[in-house]
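Following are the structures in question.
Shared between the two complexes below is subunit A, which has subunit B as its partner in the first and subunit C in the second.
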Partner chain A sequence: MPSRLLDLVHNTFRYWSLLPAIVLLLVITVYPALQLLQMSVSTIEFVDGRDVWSFTPGRNIELLLSDPVLPPAILNTIIFVIVTVAVELSLGLGLAILVGRLPHGRGGARTAMILPILVPPVAIGSMWKLMYNFDFGLFNQALDGLGLGPVNWLGSTNLALISVIIVDIWHWTPFVFLILFAAVEGLPVDVIEAAQVDGATNRQITWLIVIPMLRDALAVAFIFRAIFAFKVFDEIYLLTSGGPGTATEVVNLHLYKVFFEQNQLGYGALLSVAFIAAILAFLLVSRRVTRDTTR
Partner chain B sequence: MNLLYGRERVVGYALMTLAILMIVGPFAWIFLNSLKYQVAIYTGAWVFTPTLSNYAEVLFSRRSDFAHNVGNSLIVAGITTALVLVVGTLAAYSLHRFRWSQWIATGFLGWTLIFHTIPVLTLVGPWYVIFRQLGLYDTLTALIITHVTMNLPMTIWLMMSFFKDIPLELEEAAFVDGCRPLTAFWWITLRLAIPGLIAAGILAFIFSWKEFSIALNLTSRATATVPVAIARFAQQYEVQHAQMAAAAMIATIPAIILMFLGQRFVVRGLTLGAVK
Partner chain C sequence: MLRRRVVQTLALAAGLITAAPAMAQQPFADVGRQPPITILINSSPWYAGFESTVQLYEKQTGNKVNLDVTPFGGMLEKARNAVRSGTSPYDLLNLDTQWTIEFYSGGFLTPLKDIDPGFDLPAEVLTYNDSGYWNDAKKWRTRDGGKLMTYSPNGNVHLFMYRADLFQGAGLKAPETWDDVMGACTKLQQPGRVYGMVTRGERGNGIRFDWMPFMLGKGATVAKDPENGDFTVVINSPQAKQALDTYIDLMKRCGPPNHGALGQSDVIQLLATGRAAQGMVVVAAWSNFDDPTKSTVAGKINAAVVPKFADGTHGVVIGNWHFGVPRNVPDDRKKAAMAFSKWFLTAGAQRAYLDGGGIPVRKDALPPELASNPKYRWVKAYVDSQPYAKQELGYAEGPQVEQILGLRLNQALIGEMSSGRALNTAAKEIEEVFRRSGRRTGASAALPE
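And now, the complex of A and B:
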């Protein structure tokens, strides 16, 4: 390379090192986000493979207000988020403290717990679909062995949401465990030893020392899990596709259907904007709340 | 920690073993089913003659595109990983090492946080329109571009956290010896950040390998990836359960390999920010 060009490469390193990331984010995230805003006040139709836009803000809002699937989808999402996050945080916390108090087996526990996080959610959905199978799934086989009748895990309106929630708990409790266990391993040993010397019982140590010291990690696990639970899609798409009826319909799945099954790009964009606003509002509020309680 | 003793320790080990079995058990059950003929699945037999016919059927039968889907997934995840490491590492180093004005640094990192938080499906709609306009709809290129962008925030944060652990004095010593910033970055800091590159690389590969909602909507039969193929399997009118189990096991293989090879790297990446 001629030395003047080489000089240029060296002298502008500071700029071209950040440039590709900025360009990528502008073109693939900022521009589409702006386009999403424009889409949300438009109706888009494809004529001869070309997209034709017309400005119809009222129509999209009307569609949003009269969408019969939206209220159950929102309700299911809220139930899903509250139940999965509460159960996953409790189980993950209990398991992290338990494993931390055992002298052996940490490596094995950690190895096993990484597995569900790395496997494609779609593969997990299909695994559980087989296990929930009415005729020959694992659960109905086990019930049959106990002399109990088969249960329609995914097909009955009352049970489907619970079945889907169980899969999520199985899938993501290990993630909470990993975050909290890393925090448990980082706990200051001297504080706990000092409490033992002062005659604190194990129960007091757990509730009055260990759990309060895990606050920051708990806050992180809570925000992570809550936001991902809001966005649940892959597993439910595979297990029930929202059915039976709207029993397991959630907002993200409904969004997919509006966009890509009903091809309503304009209304889908409006729904997206509302969904993003709700998630960001949740993020801001929960960050403020956790900051106030942890510091 | 205050260890458990006596009977409490026995109960503790029992509970931990139960938790591990509950996680590993479903994988084992699906693996067994993937070795059964369809008939043995229907009868729920525990004793059966194992067969690899389901794997052969899924991968090599003329009616199945699954081998092709695996190829697509490997191409997309491989190229995505390489690209996101280059773009993300450079950006992380730039933000970490050079004085950017406050609004660029905060704006950039804040936007990656927002982008990482919002449901990716909300952007797939505009992407669909944009890639159609560009003539990139239904190409692996479009999928790779979106996967690189999707993995960019995590890669940048992870690499910044690794760069922070490398003492600045090393580069300063090199400057005294007449080294230029780019040379110091290439020969000193990047070499010391190799564990970070491995962690970020493994995570980017896995996240691209398992990504579903973008691939579902931006691909068709010829460009479909493994997760899309698995979803199609599960939704066929007459579900081939044994083959579905085999396909799920194949999709799990990279996770199992990386779980054993890169465990210590992966844990740091996954729990990033949780522990100070």
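And now, the complex of A and C:
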């Protein structure tokens, strides 16, 4: 091969060696995203076994703006995200610090802690639905044993959302714990020992040394949990299907109903695009905020 | 010579006598050798009956049938993926009644007579308001000008279940009207132990399906005359409001406090554990009540036709399933699917289906004398329900209308809005759906809220 060509190949190798990865990315990410965008401005019907597309952006936007279920779904989603993330971060952090202080058995404690994450979502839904059952559930039987009346966990508009939130907290706190516990284990021991020698109390060490050093891990846990919380679906679908009324309706569940149950593919795609945009915006803002606080 | 003739005659008579049982058992079809087929079927209370019938088909014919048993929640997407792909992995799809419009109008199924021009549904087969026929010009499920697209392997209708032992003890007759139901509820319910009456109230399909018997009983409907193109929304009529008020009254006074979240499994559970004196469920749930491994009240529950209003008629909603042949299946498998279908719809197969725990779709598999057998005491109510049974939401916008009704009815039930406001809101939203679809629509006078 002529030496000039060889030089060219050698100098540009780092660019064209990325080609397979770029092609793969385009195929599995960019192409579906572009098709989703195309769907979001179309109405798709089926005639003679074939899909027929018509360009109807105005119609889909009108549907989005006049959808009566969307506002409560957005509100419930925001409440769900705020409450679950706040509680899971607090509990996860507390548990990570406590387990980190154990002189023995940290490994066993960690293994026990992560059990809820291992349970499949459908099993979680079935299990908790049984426990919340008004007539036969464990919780109401326990309340009955204490001489208290049964509680309408999943059928009361005041309680249904908090009941689902409890399930989410039970399910995902171990995930936050894992991230933070790994960070706790990686904390420099000499800094803490130095603080102890200087006479700092446990409380002062926790709040003024440990937690600040965990900021990066907290930021990671926060972003992961927030994104998952925005996308909550299986717990709501299995426990309440968005009811009673719209008490537990969330955006992802509504999207599922529009797309799969109502078969409104175009409008469902527009909802998806809007939802993705909202999560991306949240992600950008979070990154900015967490970057500023970790400086 | 005479002696030989007598002997021959006697031999012939003996032969006929011994062959009679075999001949009487031959109401099956000879379908010949067929390639294997795959059926998409839902896991349901009647599945065991269907499975045993399929096993009988395989034994009799030597033809292989694969069953893809799928929970209800996954059925629609599997069916959609099958018909939208190159070649369907399924040769028979089982479609719930509300999905059929999508598959008929989308051109995803092959009309059954296009596969086998000689095929006709036997006269004894129940057609459930002709939901297996599709008139593409009218976009309506009707035999009139319609092609036969599917047939029902299961005709789910509501039955009214009641505790015969409690009724007898209280000197009550089987309930005929909703007033009877309320009267029985008042007498029989024991707060904290036995509910007077249970039925679904959960948001969505549950409350929509279980409220519609009340709606039909009052002669109300969603759209004025959709079969003939008049989609004027009339759901917010005084009759519909009375129907909703009665339903809510019964649920609040007779049902559990969590009536707004009651699903089908909850209703079945409450009836089967003796926690409910009366309840409304689909006929396919019957097998839960007489099985001593599932029920503490085995043998104690009876079935009746869904009660009516004193000034109305029985309202019975059909929720049947449909077997259809996808268009994108090779011809030999289509023919094999039709062969199975012909066999399945024979009297012999349907009797075997009944014996296995299924709900037959042939009238002659459900003779009146069958009800004298305690095991089949539901049969009379099921047969008596047929003249009143109606299909609802038989148009392309059906799923959207169901979601609207499923939400607003639930909100009325849990007290978030009055029944008048719920029906007015639903009417407005449904009218909007029809308008966007280009239907000839309009509104009725609003109800007082």
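Keep in mind that, in the parts below, the second predicted complex is superposed on the first by the 269 of 295 C-alpha atoms of A that agree within 3 Å, B and C clash if a C-alpha of one lies under 4 Å from a C-alpha of the other, contacts with A are read in each partner's own complex, and residues count from 1 in each chain.
Methods note: a contact is a pair of C-beta atoms (placed from the backbone, for glycine too) under 8 Å apart; a residue touches a chain by one contact, two chains touch by 3 or more.
Model, not experiment: these values are computed from the prediction.
Asks: Which partner chains sit in contact with A:Phe259 here, subunit B, subunit C, both or neither? Use first/second/both/neither.
Replies: Touch partner of A:Phe259: subunit B, not subunit C.
Asks: In this superposition, which partner touches a larger number of subunit A residues, subunit B or subunit C?
Replies: Answer, by number of touched residues of subunit A: B.
Asks: Taking the superposition on A as described, I'd like to know which of subunit B and subunit C A:Leu24 touches: first, second, both or neither.
Replies: After superposition on chain A, A:Leu24 lies in contact with subunit B alone.
Asks: Contacts for A:Leu154 in the overlay, against subunit B (first) and subunit C (second): which applies, first, second, both or neither?
Replies: The answer is second: A:Leu154 touches subunit C but not subunit B.
Asks: Touch check for A:Leu270: first (subunit B), second (subunit C), both, or neither?
Replies: After superposing on A, A:Leu270 lies clear of both subunit B and subunit C.
Asks: Kindly classify A:Leu98 by the partners it touches after superposition: subunit B alone (first), subunit C alone (second), both, or neither?
Replies: first
Asks: Tell me which partner A:Ala33 touches in the superposition: subunit B (first), subunit C (second), both or neither.
Replies: first
Asks: In the superposed arrangement, does A:Ile117 touch subunit B (first), subunit C (second), both or neither?
Replies: first
Asks: Taking the superposition as given, does A:Val250 touch the first partner, subunit B, the second, subunit C, both, or neither?
Replies: Neither partner.
Asks: Looking at the overlay, what does A:Asp135 touch: subunit B (first), subunit C (second), both, or neither?
Replies: both
Asks: What part of subunit A is shared between its subunit B contacts and its subunit C contacts?
Replies: Overlap of subunit B and subunit C footprints on subunit A: residues 49, 51, 133, 135-136, 241, 260.
Asks: Can you tell me which positions in subunit A touch subunit C when the two form their complex?
Replies: It is residues 45-51, 59, 63, 66, 68-69, 133-136, 150, 152, 154-157, 160, 240-246, 257, 260-264 of subunit A that touch subunit C.
Asks: State the interface residues of subunit B toward subunit A in the complex, per the touch definition above.
Replies: 1-4, 9, 12-13, 15-16, 19-20, 22-24, 26-27, 29-30, 33, 41-44, 86-88, 90-91, 93-95, 98, 100, 108, 111-112, 114-115, 117-130, 132-133, 145-146, 148-149, 152, 156, 180-183, 185, 206, 209-210, 212-213, 217, 226-227, 230-231, 233-235, 241, 244-245, 247-248, 251-252, 254-256, 258-260, 263, 266-267, 270-271, 273-276
Asks: Which part of subunit A faces subunit B closely enough to touch in the complex?
Replies: 9-10, 13-14, 16-18, 20-22, 24-25, 28-33, 35-36, 39, 44, 49, 51, 95, 98-103, 105, 108-123, 125-131, 133, 135-136, 138, 141, 170, 174-175, 178-179, 182-184, 186-187, 189, 192, 196, 202, 205, 210, 216-217, 220-221, 227, 230-231, 233-234, 237-238, 241, 252, 255-256, 259-260, 265, 268-269, 272-273, 275-276, 279-280, 283
Asks: Would you tell me which residues of subunit C are touching subunit A in their complex?
Replies: 76-77, 83-84, 102, 105-108, 202-204, 256-262, 266, 269-270, 273, 275, 327-328, 399-400, 403, 407, 410-411, 414, 416, 429, 432, 436
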